[in-house]
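What follows is a pair of complexes built around chain A, which joins chain B in one and chain C in the other.
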Partner chain A sequence: MWSFYIEQLIHSLPFFLKGLWMTIAVSGLSLLAGTVIGFIWGILRASRSRFVKPLIGAWVDVVRGTPFLVQVFIIFFLLPEFGIQLEAFPAAVIALSNLAACFICEIVAAGIQAVPAGQREAATSTGLNGVQQLRYVILPQSMRIILPPLVGQFVLLIKDSSVVSAIGVMDVTRVGWLTVQRVPQGLLVFGLVAVLYFVICYPLIRISNSLEKRMSAGVTQNKM
Partner chain B sequence: MIEFRDVHKWFGELHVLKGINLKVDPAEVLVVCGPSGSGKSTLIRCINRLEPIQKGALIVDTMKVHESKTNMTRLRAEIGFVFQQFNLYPHMTALQNVTLAPMKVRKTSKKVAEEQGRYVLEKVGLGDKLNQYPAQLSGGQQQRVAIARGLCMRPKIMLFDEPTSALDPEMINEVLEVMRNLAREGMTMIVVTHEMGFAREVSHRVAFMDYGELIEIAPPEEFFSRPKSERTKLFLSKILTH
Partner chain C sequence: MLETFNFRVIIEYLPLFWSCFLATLWLSTAGLLGALVIGTLACGMRIGRYKPLAIAASAYIESIRSTPLLVQLFFFYFGLPSLGIRLSEATTGILALALNSGAYMAEIIRAGIQSISYGQVEAAVASGLNYFQRMRHIILPQAIGMTLPPMLGQAIVLVKDSALLSLISLPELTRAGQIMTSERFMPAEGFLTSALFYLLIYYILKGLTHWSQKRLIYMQT
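After this line comes the complex of A and B, so read on.
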């Protein structure tokens, strides 16, 4: 019996690989966009701007305080009510990019704020302007603090991408749903789905761990 | 060179500078002392607007620091500032620390900036530490790099905020020596410090601050031998006896 199911599963392997590719596409695009936007928001959030800062803060709170599934539904089902029609794929990328941006924004802002105030004062007193201070003094130091949790966040977001299967994006999770209707062996099917996610995430987990070690070693060594 | 006219500063409710009037001439060395919390650090931090003032006028080298439209970036390039905690950039070598601002603010070429950086680091006695990171340097060496970082901008004024307070005693002198040389070369300096030996020997005037007020200001021989105010006498008796 088992060998039969396994054979069936092997038959649907191309289908799974397509799903895997879709997961990689949605996550990859979203992580890219989310990282860029997240850095911009994070920098603004750590700045002294009176208007933008609370605005971003409020948005991040809303996004962090609502289920991702609901956000995906809002973008996919509710925006058309206002005349914005989106295919499942762009809707998924937008939703996941936004989620990524919000989490990354917090990581970046925390990393910037963790740099001692004296660094900014020293840079200010030598005449560097705000952008130069950020670029040459603050961000290089923040990156040690930002990178490990950032890569860790990537892993979480890749796993969160499974939620977009709910609006019909043909990612690995959705492929699993469809396959399990033909191959009624949930353990086997979703075991395979899990393995495929793990294959993408595991290298990132290793990277995050090694960054953590290297960065914290660097910090103690460079303590003034 | 630097002129305070009835300068007031508040931190929220706290009145930290209560009507400061002070004039510092070019090439003058002024030492500011006083108990902690007296506002002496705030006083010099106002000069390059690390702290904005709320009332009064503050003029530095003809520029009006109290006016918000004044281009502070330009003025700050003319004022070196040395912090108690050094605040060197930990991710840069000594040479990179001192060449960053000349290259980015003054747009000096890397080659010229490094030449000048090497010269200034040699001047503070660190010619052999160019490529060391701050973490590899002692406190006294770090503070000398910090002074060099200020000097590399060829400033007209150098401000020192308790430059030796975070140092082990055996390292204090190497930093003071660099400052003595600077004073001899005619740099305009305001030094917040409790190093009374330095004040007596190097400064032109010594100022005493307490509770946000400038209590007394006089040439060192007069300041130390014939202090007018009771508060100054009390302060001096405390720090000179130990």
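After this line comes the complex of A and C, so read on.
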């Protein structure tokens, strides 16, 4: 019986790879958008602006305080009430990008705030303007703190992208869910799905860990 | 637009939301307790001297951290019956939550234990404290102080993760929103109300995290 099911699974392997491609597409697009928006929000959040800063803070709190599944449902069902009809795919990308932006915003803000104030003062006295300060002084130094959790965030994003299968995006989780209706061997089917996620996420986790080691080694060296 | 936003229906469904809110609390608490037990065990195995156990614990932690909770949940939900194990939805959900958070808990506990320098233990031995006194007065107070904030952070993640249990039709907060959507087709009202309840839990836990972080700084100085 098992060999029969395994054969069936091998037959539907292209289906799974298609789903994997969808997972990569959804999380890759959201990754790009989320990183760009997250950096902008993070820079604003670390700034001294009295209006934008609490606004972003409140939004980040709302997004971090509610389950991603609920966010997906709200975006998928609520935007049509404002006259914006969305397919499942763009709705998923919007929800994931927003989630990623909120987490990356916190990482970036923490990284910028970790740069000593003296650096900014020195940059100001050298005559650099705000953008130049960020570009040449603040960001290069804070990248050391930002980069390791950023890669870790990519892993979280890929894992969170499994949730958008609930609104019908044909990602690898959804493919597993559909396959298990035909091949009633949940262990095999979702074991395969888990392996596919593992193949992507595990190397990223290792990269994040080794980055963390390398970057923190640099910090201790500088202190000495 | 939202001029049709219907508060009367929300009030009508409030008892459902309240019972689902309690269900979310119950499921997350059960998951959290399970995660603490599993996390402590896995951490003990991982830093222990017995190699095969350490490898098994690492394999468990790494495979949980590299796969989504939803896949783990479906793995148990669809997989256990094919092994002949029949569990209720609630048990399956709690099992998946506890196993998932347990892996993260193990890492948090490990970081807490490793943050205590060995000199402290040596000093305690030199002053003649026995094992339990060392644990009680030297190691645990510091380790708990170190691990409490990230543990509360994990608790926040766990409460949010429990929303996925709605996908195996457990009656919890997100499910209440789904029920309202399917019975009245009012997704906006339903899911926004669920979100408010989640935010309530989030702000309470976040407040606790800040409080414990303040205590931690106080203890270190």
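Note that the second predicted complex is superposed on the first by the 223 of 224 C-alpha atoms of A that agree within 3 Å, B and C clash if a C-alpha of one lies under 4 Å from a C-alpha of the other, contacts with A are read in each partner's own complex, and residues count from 1 in each chain.
Rule of thumb we're sticking to: a residue touches a chain if its C-beta (ideal position, glycine included) is under 8 Å from a C-beta of that chain, and two chains touch if they have at least 3 such contacts.
In this text, all values refer to a predicted model and were calculated from it rather than measured experimentally.
Participant: Return first, second, both or neither, reflecting whether A:Ser97 touches chain B, chain C, both chains, or no partner chain.
Facilitator: Neither partner.
Participant: Let me test your reading of the model: by the given contact rule, A:Leu128 touches which partner, first (chain B), second (chain C), both or neither?
Facilitator: After superposition on chain A, A:Leu128 lies in contact with chain B alone.
Participant: Taking the superposition on A as described, I'd like to know which of chain B and chain C A:Gln141 touches: first, second, both or neither.
Facilitator: first
Participant: Is A:Gln119 contacted by the first partner chain B, the second partner chain C, both or neither?
Facilitator: first
Participant: Specify the partner with more touching residues on chain A, choosing between chain B and chain C.
Facilitator: Touching more of chain A: C.
Participant: Write out the stretch or stretches of chain C touching chain A in their complex.
Facilitator: Residue list for chain C touching chain A: 1-2, 62-63, 65-72, 74-75, 77-83, 156, 160-164, 166-167, 174, 177-178, 181, 187-188, 191-192, 194-195, 198-199, 202-203, 206.
Participant: Along chain A, where are the residues that touch chain B in the complex?
Facilitator: 116, 118-119, 121-129, 132, 136-137, 140-141, 221-224
Participant: Show which residues of chain A lie in contact with chain C when the two form their complex.
Facilitator: 61-62, 64-71, 73-74, 77-78, 81-83, 155, 158-163, 165-166, 173, 176-177, 180, 184-187, 189-191, 193-194, 197-198, 201-202, 205
Participant: Which residues of chain B touch chain A in their complex?
Facilitator: Those in contact with chain A are residues 48, 50, 73-74, 76-77, 79-81, 83, 85-91, 100-101, 104-105, 133-135, 142, 146, 149-150, 153.
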